[in-house]
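Going by the order they are written in, the chains are A, B, C and D; count residues from 1 in each one.
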Amino acid sequence: MITLKYFASLRSIAGKEEESLDITNPITIDQLSDIIAQNSPKMAEMVREKKVLISVNQEMTADDTLIRDGDEVAFLPPFSGGAI
Amino acid sequence: MSTTTFSKVRIQLEDFSVTDEIEAMKKVSRNIGGITTFLGTGRELSKGENISKLNFEHYPKMAEKKLEEIREKAIQDFGVIDMSIIHRIGPIEIGENIVLIVAVGEHRGETFKACEWAIAELKRTTPIWKRETTTKGEVWVQDTP
Amino acid sequence: MSTTTFSKVRIQLEDFSVTDEIEAMKKVSRNIGGITTFLGTGRELSKGENISKLNFEHYPKMAEKKLEEIREKAIQDFGVIDMSIIHRIGPIEIGENIVLIVAVGEHRGETFKACEWAIAELKRTTPIWKRETTTKGEVWVQDTP
Amino acid sequence: MITLKYFASLRSIAGKEEESLDITNPITIDQLSDIIAQNSPKMAEMVREKKVLISVNQEMTADDTLIRDGDEVAFLPPFSGGAI
């Protein structure tokens, strides 16, 4: 099982804050976005267009990052901390 | 001095005292000659819109980890003696404190450089988001730093 | 908040509160988004010598005039909203506050630049002198900034 | 009458903190250092070698600054404010 987390503006796009997903083998980000597309096409589109950042276990992903059972995947819109 | 424990990197709902944070950093060494501090506060105007309120959200654990990475890299790359970084989350009124970076060093040059780098790096790498309340409603701020 | 009146440029014997000085500057505008502060403190080491105490002396009137010139030029040349400069005189122990510069602005860039310029300019133009007490005795520090 | 002030390390060189001098006509810095040389040759030498800064009425002097009756002249060693 993997956990998906949606932050800030992505919560309303995904329609949820968090969900769980069962995977049997490690999957790529592209494969993950195909799965997400079934429930939330807009979210999957943003992932493919790299409009959101994705972290796995609190580390930013690279193109070849594999998602494995037990991982926490987070969808992060562009950051705006620090005020100015 | 409050009874707060001074972890050098924190994300918290409560306000902080700049004086207390500086005094905590001073205790690290008797060889501190320069302390540069950056304090970000809530502005009333943003792109011509009048803001009545701000609200910050973060990704727990990951945000703290990024701040700690910034702190360690500042010490390593700029040669400052130490650095503390505190970011508030939750509702923030205009004029209130949002983020504080304190860089302490033997000389002033490295503390200015480290502090300016750290706030830019925080905006670039730390999963914290801002929601602004204006007359038009609430919006998540999504511009890049 | 103490009952001190907050003149924006001061030379004084007493210590100051960084928090109070920042809060006083915040009152100037609701459009402040960034505040850069430089705090100079008494270091234990200077050119390999162990310092036990510092003592600052100034040329009254002229020193205040120079600080006011620095403040005005910082606002004019760097576009900060305001700046305060406080320098202590008299005996200073290791770790104690010596000088504080607070630069407030709409954005952080100009506040870093103005603050770093102001402390360099203060050292260059303001008639303030430092006497260090080491194991070898008391010496006036005469190196250029 | 003009007032001369000596600051920091210059107090022990001049042997005093302040003194008064009567002048009838405006004088140059060079002329002032000739007068000072009578009581404090070391001080006059430092002025000529520009090892001290001189202010007149709290403004730094230029080479052609004239000192007039009523002026406050100050001898200032290199500054060391601001700590570091």
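Assorted remarks:
Rule of thumb we're sticking to: a contact is a pair of C-beta atoms (placed from the backbone, for glycine too) under 8 Å apart; a residue touches a chain by one contact, two chains touch by 3 or more.
Just so it is clear, the model here is predicted, and its values are computed rather than measured.
Common neighbours of subunit A and subunit B under the contact rule above are C. Here the spacing of subunit B and subunit C, counted between their Cα centres, is 22 Å. Annotation: 73 Å between the Cα-based centres of subunit A and subunit D. Centre-to-centre, using mean CA coordinates, subunit A is 48 Å away from subunit C. Those residues of subunit B in touch with two or more other chains are numbered 33-34, 40-43, 106, 108, 119. Residue positions 83-84 of subunit A each touch two or more of the other chains.
In terms of inter-chain touching, the protein chains here follow a pattern that is not a line, ring, star or complete graph. Taken together, the chains touch in the following pairs: A-B, A-C, B-C, B-D, C-D. Those residues of subunit B that touch subunit A in the shared complex are 40-43, 54, 56-59, 61-63, 65, 87, 98-99, 119, 122-131, 140-145. Interface of subunit D with subunit C (complex): residues 5, 7-9, 55, 58, 74, 76-84. Residues 33-34, 106-108 of subunit C touch subunit A in their complex. Note for the complex: subunit D touches subunit B at residues 83-84.
Partner subunit C is touched in their complex by these residues of subunit B: 17-20, 22, 26, 30-45, 94-95, 106, 108, 111-112, 115-116, 119.
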